[in-house]
Amino acid sequence: MAKEKLWGGRFAQATDELVEQFNASIDVDARMYAEDIEGSRAHARMLGRQGILSDEDVAAILQGLDTVQAEIEAGDLTFSVALEDVHMNIEARLTELIGDAGKRLHTGRSRNDQVATDTRLYLRRRCDEIIAQIRRLQSVLVTLAQTHADTIMPGFTHLQTAQPVTLGHHLLAYTEMLHRDAGRFADARARMNQCPLGSAALAGTTFAIDREMTAAALGFDQPCQNSLDAVSDRDFIIELLSAAAITSVHLSRFSEELILWMSAQFGFVELPDAYCTGSSIMPQKKNPDMPELVRGKSGRIIGGLVAMLVTLKSLPLAYNKDMQEDKGAVFDALDQLQGCLAIFTAMLPGMKVHEEAMRRAAAAGFATATDLADALVRAGVPFREAHAIVGKSVAWCIEHDIELHELDATACAAIDARLQPAMVSALSVDACVRARDHVGGTAPDQVRKQVRWWKERLDEV
Amino acid sequence: MAKEKLWGGRFAQATDELVEQFNASIDVDARMYAEDIEGSRAHARMLGRQGILSDEDVAAILQGLDTVQAEIEAGDLTFSVALEDVHMNIEARLTELIGDAGKRLHTGRSRNDQVATDTRLYLRRRCDEIIAQIRRLQSVLVTLAQTHADTIMPGFTHLQTAQPVTLGHHLLAYTEMLHRDAGRFADARARMNQCPLGSAALAGTTFAIDREMTAAALGFDQPCQNSLDAVSDRDFIIELLSAAAITSVHLSRFSEELILWMSAQFGFVELPDAYCTGSSIMPQKKNPDMPELVRGKSGRIIGGLVAMLVTLKSLPLAYNKDMQEDKGAVFDALDQLQGCLAIFTAMLPGMKVHEEAMRRAAAAGFATATDLADALVRAGVPFREAHAIVGKSVAWCIEHDIELHELDATACAAIDARLQPAMVSALSVDACVRARDHVGGTAPDQVRKQVRWWKERLDEV
Amino acid sequence: MAKEKLWGGRFAQATDELVEQFNASIDVDARMYAEDIEGSRAHARMLGRQGILSDEDVAAILQGLDTVQAEIEAGDLTFSVALEDVHMNIEARLTELIGDAGKRLHTGRSRNDQVATDTRLYLRRRCDEIIAQIRRLQSVLVTLAQTHADTIMPGFTHLQTAQPVTLGHHLLAYTEMLHRDAGRFADARARMNQCPLGSAALAGTTFAIDREMTAAALGFDQPCQNSLDAVSDRDFIIELLSAAAITSVHLSRFSEELILWMSAQFGFVELPDAYCTGSSIMPQKKNPDMPELVRGKSGRIIGGLVAMLVTLKSLPLAYNKDMQEDKGAVFDALDQLQGCLAIFTAMLPGMKVHEEAMRRAAAAGFATATDLADALVRAGVPFREAHAIVGKSVAWCIEHDIELHELDATACAAIDARLQPAMVSALSVDACVRARDHVGGTAPDQVRKQVRWWKERLDEV
Amino acid sequence: MAKEKLWGGRFAQATDELVEQFNASIDVDARMYAEDIEGSRAHARMLGRQGILSDEDVAAILQGLDTVQAEIEAGDLTFSVALEDVHMNIEARLTELIGDAGKRLHTGRSRNDQVATDTRLYLRRRCDEIIAQIRRLQSVLVTLAQTHADTIMPGFTHLQTAQPVTLGHHLLAYTEMLHRDAGRFADARARMNQCPLGSAALAGTTFAIDREMTAAALGFDQPCQNSLDAVSDRDFIIELLSAAAITSVHLSRFSEELILWMSAQFGFVELPDAYCTGSSIMPQKKNPDMPELVRGKSGRIIGGLVAMLVTLKSLPLAYNKDMQEDKGAVFDALDQLQGCLAIFTAMLPGMKVHEEAMRRAAAAGFATATDLADALVRAGVPFREAHAIVGKSVAWCIEHDIELHELDATACAAIDARLQPAMVSALSVDACVRARDHVGGTAPDQVRKQVRWWKERLDEV
């Protein structure tokens, strides 16, 4: 019978079973039980102080909620699909336990403001977790960067050898990206930290509620200032998904590099056995599964972002049932992201770096060509002409199968009168990285300076 | 110890527990157990016929696989995360049951071709189910269209009243869309119906296997013609997701209309109680939750499509672990789509149509204006001038708050000498729809003709 | 000949013409000419102060850049596809004008840091424009909200009549959304406001540059702290696209409502003729094209966001040519968004509101049911029971085709003994909205309070 | 004045200029002028045969259309934004030229069916072009595969050396993918090849038109069978975008490989100078810009697909202005895809393959391990045990820094009694690839067989 539903008064027919399954959100929103109970506690206390509920009712509700929470955490409460969601399941159990007082708890609120409040509380916590995880991963990177402040590797553009860089410098690039990622989560958290409770169904309530009180009790900065907006919008979820998607794109880039570096062709690093798996058919294989999975998860997280954008697109105000899809999308995306962050944080310290292979690769491929051009510029040649002279030198070297520093005086003279053998013989990858000694440059001293700055900053947090 | 893994021979360290969780796919791929066993049966029989396995081994394997399948279906086999996936879980249990013969089953294949084969078998079945579901929903629509071949409603463009149409005609528009949707699933199914088995890890195998035999045994049209492609590509999954996304967009459009039609403002239909829910706070509410959810699910399904496109983007050949994400995306999207189709098929027959409200709306808003222009054209006025005369007539009617058919002779004369009172008085919504009596037009006779055509076609299937 | 290219020294073959077209970005990046020149000015001055360029060279460069800028703005400089991009076009022209000094300008920088700097400068300006446009649209909404602080309309959930709200309250919901949208642009702007210049190709430069000086000259908060990151990442573009996508989703929701409201069925508003178009065939049509287009543009803007996420996914450091696609995506998305904002800002003041139709709709459909339940609660009935009693009352009304306030004493008694005729007769939409008089509620006084708050805030800006 | 608009009859106010810009589609749809004229010709002839237009009018129209087309192609007709789109521009010019007959052309049709018809005609042609381009790229690949049927390279899974394959085999994998891509375009073309003309605004027309006649004249298979569907749906555009997106993902994978292969670390290939560019700062650079751009374009094309899915989501029937965004999305995506196909087709024949480097890489990294396991299986060892023995052998080799074929009798005995020195000494990459000699396997003979099959098939087309 429809009468079993808490909203069934005006209904003649019972809900179809298929509908009940399709409609229920309890599988997804059960996770928010603690936030739901926390919100109910704040609501009950406020109703009490405003004289809307009696002190006895408030006491009964608070005690009843404790019992329900204990039951849930002990695994003693089985959630029912017929009761649709975590809110109705908890309220129904509460009423079973304490009778009429339980039926009074919903005074002056609606599931619309309740679910909006729960979701913000829950995601606020996830935000904090993610920011902390990002900080931990940054710490791992900074420690690695310190170790490898002097480790020389080829820097690539277009995946072609460009100029020598230090591995420490390279790792700190990800520290910077992660810093902005954490910043986006922090901004999203600040923007969402307003309390929908008291917006009721969409317009507020006729009871003399105190929204500042509940907002403060729940740690929100203030109540949402427009009830229609408070129950209708899910932009805070899209913003979180966007922050997650960008972070996952950053991790996909780092993953791609780890996979490349672990190939036989690069041979720059080896990931620990514990983070690799083998093949069911090829006995020699040791595969970098973790970075591959992390790279792949970026698709899933971006998919979640798109899902929410599509779902919200062109929905009229206020609440529409479509919005129920919000939690599935964002919970899964954050689960995946947190898994990726945890894996990277655990995996990187055990990574073996083949420093010799890196240095060898940096020394090949004319990586010092820019420095030769710079030397010509210092001798008064305009940069564009210096560039052309070195271009010609490289072509010469390719033809004669030598490296730039192997050009002798005859060759130099043949290429361009302005090209001095001393310029050529001064070329080395060590000189290259040492010379880039300004803010943000790849010089070991700059890397160490950045490491110190990060260490202080990350310790603070 | 890594030695517990079927691939652990060359590994010194055990897999990290976090990695094990992150890496395992058994939660998702367990669904394909029947297809995995079916593929193993075909593979074992082929190895037997080719003399690669002994008859005794083949017999033991087949019997063992029967036992494993029975155990799974009885709920007696608990899948292990340490064994990663459905393939390894089944093989491990088989070997437990039958010993060495079990260890021989993997001869000449790899998990790479095995999972590609299982996935195609499994999705082929889902395709067939979806096509059948679409046919059922089309049948429901065609039956409704027959009932409402004469029911007049306003046709809209830009959500403004445009011209009267019949509800039957409107419903058949969705039948057409669904027909193309089914066609896309059928095309995808045909394109994916090639057998990867025997591609082994990526290059084929050194055993003298017969790929035609396994392909035929599993109902595939032929073996995949290139082993690298067979294990590397998942375009068949993207194509299915695309077909699902387009279908879900069609359902989102139908949902939007049902939601509009059930609003107090339109009042065109009422959905059955069993497919609606109420409000926890507003006792009068009866909400069209099902079309709302179906509309919202389009986001989730489109999200799945994007996820796979992103995941596959720029992966080098052959198998990469990123591809493990494929099943989660496509299984969820198809689950959602099948739920939507089932809900619509069950819900629509009980929908109450308020024919009078539809007709009233069709009669208002100058819906017959085009027919007045057409009458002028028949009297020799060029269409563009006729259009302008009727535009002027509409402006007159708005000013005087009357409908077009209420224009009297004086008014007609004042508007334009060519506007005859007889043209005006002939206007009616019934005449409007009857007059559009050509292929694809909205006339009741055309609707009935289309209904007959569809009934024959859908009966065939 | 490849020699014509500024980078052609080592190349033997000329660039294929098809390649030249495909490769060039001048069609898109020409827009950034002013930022490119501004960046070059800052770079030249810094090189001068650091003694890397002579004062004469710096003077020649600055004067030459003035000339180039004047030529561009006068339309006298035709950009060449062979010169690939705006940077090379400007430098080539500069060198034509001033000779060797022009060839020295590129000392200590690369196109990689140059394009990253130009793009940030350009998008920073676009950000500021968008924030200003959002403020203007908010002002329009606040003014409308003030006018309609007492205008009663039905509030909807699930597009079913829920509770009466004021139009002013409804419009302020969008003001809140737009406030968060502006906040996201402001956060993105702050995060991107770091200067890549001096990062050179990827590792910094061997010249003794002063990156603080150029950063300050260009209005950046500081130099980017890692050169590899500075030239490799485009997360600032994704973040902007995400902010644009969310804003466009908000506008799509508002558009949907305007389209609904302008339908014959709702009849709540009429948009001005100047913002509508007609039909080529149906002379009576007046279509809300502008909100439809704005609603549709959300797809395009979301598409741009997805494009950039996909393009950046799994790119190894540092610069890769794929990243050239960034500007097309973000420029188009911002163009579309700015068009949408401009249209809404211009269109809304002329919108005609049919207040009577809104009030009539609010009074129908049992919109006061919640207030009846609240009245029962005040009389001591637990909320859940009150909800059930009102549900029964609504069912009764539907059966007898009356509204709630028409229930007489006999009916009340028949429904439930606790239902008092006085509770019923007190129901009115005016009472409903007046009663929701707390922070964020729909009461006219609350709306006026919010309007005052917004006016102060928006005046400040 | 609004009167200037062809639909302006009922309008009092002129269109706002900003609106005119935002509303107009002429910048995008001007491309379809030839299809628009072709459709008008067919429509006019049909109206003539049905006696709706006089023979003189038809003759005047046909001649007038010839003139308009000639003017457009000579660049003599300037399209006007005030006339909104290509349809109105052409009709207006026609009427200028031939007077009243021009005003009669729109009899029995609307822009809604007109634009749907034009778009299908135009995209049908683009489909045919793309299919032909795919065939040409396949031919290039097949020719290369023939050349490299015996060229041995390492096959990768997880980017780790897996087993030796032939380059010919690898290239044919892309031929297979492209074959399915072409199939998807062909299926989309077949599905869209129905004629909307005669659907008029949405409901058909009151004139006795012959839709079969126009459908046949325009090369369509039949008229669309439901007028509402014909003017409302754009699933054919989404399907095309999906086909384009999948093709672009395939090209992104190939691009990724070319970029990897051209890195110093792989050194497998070198792309021709004409398809590469250099660096503005690093004189030695030769960058694989073309594959990078093609890889990046996948984002843009996927973005277009998402844009259309979002735009169509939840649009009620029939035409809505949002749908105007369709052409921009699909035209750009197909332009990009066709550019990518053209570039690859032109670039690949000049690619230099470093066969020795490929072979050297294939011989390293234990790529023959699977074959050793297979040899053990042939000697009676169950596959899973064979796998473990070889795993142990690989671990031994890594420890002693030798390759598998270097294991001597002592080592074999120490590893496992079943491991025979003869098995080990037989290992070679040539033996490996030769042994995979079944359908789809990597053996040179299989590659040559496939090449023959493809050559016949591609010649046919």
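Points worth noting:
Letters A, B, C and D mark the chains as written, and numbering starts fresh at 1 in each.
Simple rule for what comes next: a residue touches a chain if its C-beta (ideal position, glycine included) is under 8 Å from a C-beta of that chain, and two chains touch if they have at least 3 such contacts.
Computed from a predicted structure; not experimentally measured.
Of all residue numbers used at the contact between subunit B and subunit C, over half are used by both chains, marking a mostly same-residue interface. Ranking B-D and A-D by contacting C-beta pairs places B-D first.
Mean C-alpha positions place subunit A and subunit D at a centre distance of 33 Å. If you average the Cα atoms of subunit B and of subunit D, the two centres end up 23 Å apart.
Within subunit B, contacts with two or more other chains are made by residues 6-12, 106, 112, 156-159, 162-163, 200-201, 260, 278-289, 292, 295, 298-299, 302, 305-306, 309-310, 312-314, 320-321, 370, 387-391, 394.
Put simply, subunit A touches subunit B in their complex at residues 2, 5-16, 18-19, 22-23, 84, 87-88, 106, 109-112, 200-201, 272-290, 292-293, 295-300, 302-313, 320-325, 328-329, 339, 342-343, 346-347. By the touch rule above, subunit A contacts subunit D in their complex via residues 154, 156-163, 259-260, 262-266, 278-289, 292, 306, 309-310, 313-314, 361, 364-367, 369-370, 372-373, 387-391, 393-394. Within the complex formed with subunit C, the subunit A residues making contact are 6-12, 95, 100-107, 112, 155-159, 162-165, 169-170, 172-177, 180-181, 183-184, 187, 191, 198-212, 223-230, 232-233, 235, 238-239, 242, 245-246, 249-250, 252-253, 255-257, 260, 295, 298-299, 302, 305-306, 309-310, 312-321, 370-371, 374, 377, 382-385, 387-392, 394-395, 398, 432-433, 435-443, 446, 450.
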